[in-house]
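Before we start, here is the structure in question, set down as structure tokens.
Going in written order, the chains are labelled A, B, C and D, and every chain counts its residues from 1.
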Amino acid sequence: MLDLLLRFQAMDRRWVFLGMAISIVVPMLLPFNLPFKVDGRVQDLYDRVEALEAGDAVYISADFDPGSRPELEPFFRTHLHHLFRKDVRVVMGTLWPTAPPLVKPILEEIAGEYDKEYGRDWTFLGYIDGRELAIKSLGQSVRKTYPLDDRGNKTADLPVMLGLDAIRDFDILTSVSAGFPGTQAYVLQIQGQYNLEMASACTAVSAPDYIPYYQSGQLFGLSGGMPGSAQYEKLVYADTPEENRPRLAATSGMNVLSVGHMYIIVLLFLGNLAFFLTRGGKED
Amino acid sequence: MRAFALRALGLLVLLLALLVCGVVAAQPASDDDSAASDDDSASDDDSAASDDDSAGDDDSAPSKDIASTESAEVDAVTGEAEAAEEGGAVRSEQWFGSADTEEGVPWGYFTLLLLILTTGGLMLYFTKQAQAGKEMFIRRMPGIDAIEDGIGRATEMGKPVLYVPGIDDLQDIQTIASMLILGQVSKTIAEYQCELIVSCCVPIVREVADEVVRAGFYQAGYPDAFRPEEIRFIAADQFAFCAGTNGIMLREKPATNIYLGRFFAESLILAETGYLNRSIQIAGTAEATQLPFFVAACDYTLIGEELFAVSAYLSRDPRLVSSLKASDYLKVAIVTALLVGTILASFGNTLMVDLFSLTLPGN
Amino acid sequence: MKRTLPILITFVIGVIMVGEFFIPHWRYRALTGELLEWGIILTAGAFILGLVNLIQVHLPTVVERGTDWGYKAVLLVSLAVTLAMGFSNGKQRLDSGMEVSFSYKWIFDYVYVPLSATMFALLAFYIASAGFRAFRARNAEATLLLVAAALVMFASVPIGEGVPVIGEYLVALKDWTLDVPNNAARRAIFIGAALGAISTGLRVILGLERSHLGGD
Amino acid sequence: MDLLTITGIWISIFLTLAILSFLYDDNPIYKFAEHLFMGVGIGIGTIEIYYGVFQPKLLRPLLEEHRLLSLFPLLLLVLLFAKVTRKHQDWARIPIAFIVAAFAGVKLTGEANGRLVEQVRASMPDLQTLYETNGWWDWDNGGAGVISGLVLVLGLCACLLHFYFSTPHNKPMRAISRIGILTLMLSFGASFGFTVMGRISLAIGRAEALLGLDQPNSLIKLGSMEVHRMTATRWTTVGTMLLVILSIAWLKRRAANSAEAD
């Protein structure tokens, strides 16, 4: 037994890689569906968005790039569906240079599905550099930070911006954040200063880091990684019949994630088992 | 005299720049008679923040000037008010605190200002003390013993020590701390007559590491033992650097690996290779996402601030020592506030909570 | 002049920016707003400066056929092509339908997306391998860490949640770990980091830290 | 389906596999993909910076609105670019001082507010109310209750004191420090678990792309044939995989041969 384990450990690590690949691909080819619960952080996020009224305004900071797409794009898409379904005005900008070609087409596509008009119901303001400085500037005035939208129109002239200038004029600020600059920078720079109602969807890596902000009320909701996205999908599409739903990427990913996690846990366990069994004999 | 003239010239240029900027940028409102009287409180704040600085008095001048001149000029340009009025932007007339609390300033703003000023004051005080050569106590951390043991083991085995100073730029505070520790490590290594390999990801860090190690060997009295070719620049790219450093571990089999500095995703790959190599591994970083992997795969890990504390302990660099001391004092104050606050809150008294609140109670 | 003026600028701009937080008056905001604007333009300038540096470093290697010149040529050529397509597509570069011709969006969709997305997917494999071969419960601390990690991994996915009887308690324990000890530890790290940031920031503003201005 | 899109899909599969080939070993195809990644990434960054910052914030105000104030950032920018010359690079210190100071000022208040004052405020629980709502320990609410409230405050204090370096470690300090360390370890464990989750999610995304699961499985025209998109993608993946493996083998052999020849 121990021998086998040790031989296992001594083998080329590429076999472990192969095992990982198999535990991802197999559940993908043979899909199964296990139910999961929604945690309080995502529920709070959903409830607050649900409480919005038609005509309210939401600022989305879409700070992610293709590198974290599987974690955040499902949330992002579902959030847009949710907002447009509630007839909310959507204004979006980004602090990541590689984000616009990814996020703008998605916004355009989903706005199109709801027959929303550019400039009146939604707008994309484009990319702004300057990290914390840009965030501070958004706190003072969105119109000044983005004098022109992505299509070259004057931001101040857009009907969607009526009555909106500083970021606290928006009812909600959502930060879809894959790292820096993102949620943390927003929380530090302007959330406290203007007492903003802010929610965040972040990658799993940053989720434990942002939980204190949720606990302290700096964020009213938090969706972490693929499970967060899947839970949000579950809430938003609860009443939508199966055939009308778009593909729920995070929900279908959850089962694959299950198998992947189990694989890692088993590896951790076996590795440590070998460690403890050999430690007694090898002490010198 | 020359310095004074330059300073004056600089001030003049700045004053001019800020003046123009303030005048043109300000969107004039029709009624701002109250502005003039409020100006004082604004510049009060500026000079309060600069109280700690010796140059404070001549520098608070521009902001004072700008405030008063600005308001005078602004009255003259009244007329082209645009955009914002139908926008929600309510122009605040408040000179301190948050924009929408006309009823009063939340306590948090004062606490915040006080915290900043106290940190600055303590830091300057300790810097002075450190520069005057006063001994300041910093406790010796077990991490230092771990590093020395590691070097000892490498010496016994006749194998080299591998030192990786993270993959960030030289400006990063963690890289600076790592370089300071490297100075001490190289001295010990020279004394033990052991071998040292430094593997760098940034060219400029390699240059500095070269200097630091050279100085360490020199101080230990073995300048001839220093071999610059062992201070290596591997690759500027993260994964290429990682592959290159792994190569060093596999080929040259260092007995001890020391990873101190700022690490990202490569942390676990390095630590795994080192573990399989049966090296003693000592790690340290303030990068919270990478700490778990180091703790799980290394023999000793310096967590977060411990990295800075070790570098302050070893180098006695006044910058690090003073920062460390200042934050130590404030930590005690915060712990006290937390305990007192919890007790008070449990008895229904929200005094402490209000003191740290940036909104007025009830908002 | 070479040192005094930058130090002076650092001081004045730093103090004004600290004031931004405390002074909400619209006049003051007009001033800081303008300075922020300049800061944004300068950060963008710094990115372009990085680009120029990159070309300065790599172009000579390519011209002189130095080590790895082929890869560096790939870098420069792909950079040039992306820039050319970006500027020629102009404002329409992000519009839907652009990807059906060779364009900026085509490059993004079919070259950048797969590369960027795969880069960090590599780490899933490395974590598996390190988990098996290097992550050891060598002492009480590491044991606690690994147990907490296994708990979080297990209870965050449907398989763990669905375990009869104990599944529910495992989820509660996972939430507790995240909400209580994690919260306490993160806050301690935050507070330490904030204190460090305050003293570093003040040192920069007061001109005690001058490393960014280069050597003497 | 037009040729360009088909080429695009093939290229994206090829590049995905090229990066994944690093798992086998460092190899020329990976290096090629990596440099391509850097080049395209910087290119995209530059384009978006031009259209997001320079065009609306500098060129338009100067050229169209004749806003004189915008001459200042222009001047600072010119000074910044003095850095690339050997002779005048000292001038770049002025704009650098500006940026560094602006960031220092903004970060200072941000950190002090968001990570210090707000966090301290939120860490003083009202234990009495906690007891009334959740009791000592509430399984239905993720273990909320008085115990958790105490663990939060005392754990936080212990962690803070663990990072207190100005006193020797006597017995009580060692005990406090130990509690701090254990709290930190629980937190790092959570981090570990979530990082694994994130990395696997990314791998899932790539696997979906390689298996053609990320797009609707519609019928597509390939020349005269009509096939399901998913089938086409999967065959392409398999074919490309073979191609990558063969070319790596060939390149390695060539490198080994030339090394022998030296």
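In this text, contacts are C-beta pairs under 8 Å (C-beta built on N, C-alpha and C of every residue); 3 or more make two chains touch, one makes a residue touch a chain.
A quick note: this is a predicted structure, and the numbers were derived from the prediction, not measured.
Which neighbours do chain C and chain D have in common?
Correct list: A, B.
Among the chains in this structure, which pair is joined by the largest number of C-beta pairs in contact?
More C-beta pairs are in contact between C-D than between any other chains.
From chain A, which chain is the farthest off, judged by mean CA positions?
In terms of C-alpha centroids, the chain at the greatest distance from chain A is B.
How big is the gap, in whole Å, between where the Cα atoms of chain B centre and where those of chain D centre?
Centre-to-centre distance between chain B and chain D: 21 Å.
Approximately how many whole Å separate the CA-defined centres of chain A and chain B?
29
Can you work out the whole-Å distance between the CA centroids of chain A and chain D?
Chain A and chain D have C-alpha centres separated by 13 Å.
Using mean C-alpha positions as chain centres, tell me how far chain A is from chain C in Å, no decimals.
That pair's centroid distance is 16 Å.
Going by the contact rule already set, what residues in chain D reach two or more other chains?
22-23, 31, 34, 38, 41, 44-45, 49, 51-53, 57, 69, 72, 102-103, 106-113, 115-121, 123, 142, 153, 156, 160, 163, 184-185, 187-192, 194-197, 200, 202-203, 205
What positions in chain A touch 2 or more of the other chains?
17, 20-21, 24, 67-70, 97-98, 100-101, 128-131, 133, 136, 141, 150, 192-193, 205, 208-209, 212, 215, 227, 257, 260-261, 264
Give me the residue numbers in chain B that touch at least two other chains, ranges are fine.
Counting only residues that touch two or more other chains, chain B contributes 21, 24-25, 98-99, 112, 115-116, 239, 288-289, 292-293, 295-296, 304-305, 331, 334, 358.
Contact residues on chain B for chain D in the complex?
17, 20-21, 24-25, 108, 111-112, 115-116, 137-139, 141, 237, 239-240, 243, 288-289, 291-293, 295-296, 303-306, 309, 312-313, 324-325, 328-329, 331-332, 334-335, 337-339, 341-342, 344-348, 352-353, 356-358
Which part of chain C faces chain A closely enough to touch in the complex?
Chain C reaches chain A through residues 20-21, 29, 32-33, 36-37, 39-40, 43-44, 47, 91, 93-94, 96, 104-105, 108-109, 112-114, 116-117, 119-120, 124-125, 127-129, 131-138, 146, 149-150, 153-154, 156-162, 171, 175, 178-179, 182-183, 186-187, 190.
Within their complex, state which residues of chain A touch chain D.
So the residues of chain A touching chain D come out as 14, 17, 20-21, 24-25, 28-29, 40, 67-71, 97-98, 100-101, 126-133, 136, 146-148, 150, 185, 187-189, 191-193, 203-205, 207-209, 212-213, 215-218, 224-227, 247, 249, 252-253, 256-257, 260-261, 264.
For chain D, which residues are in contact with chain B within the complex?
Its residues touching chain B are 22, 26, 31, 34, 38, 67-69, 72, 108-109, 112-113, 116-118, 120-121, 123-128, 149, 153, 156-157, 160-161, 163-169, 184-185, 188-189, 191-192, 195.
Please output the residues of chain D touching chain C within their complex, sorted ascending.
For chain D paired with chain C, touching residues are 2, 4-5, 7-9, 11-13, 15-16, 19-20, 22-23, 31-47, 49-54, 57-58, 69, 72-73, 76-77, 80-81, 83-84, 90, 93-113, 115-116, 119-120, 123, 139-140, 142-144, 148, 151-153, 155-156, 159-160, 162-163, 180-197, 199-200, 202-203, 205-206, 209.
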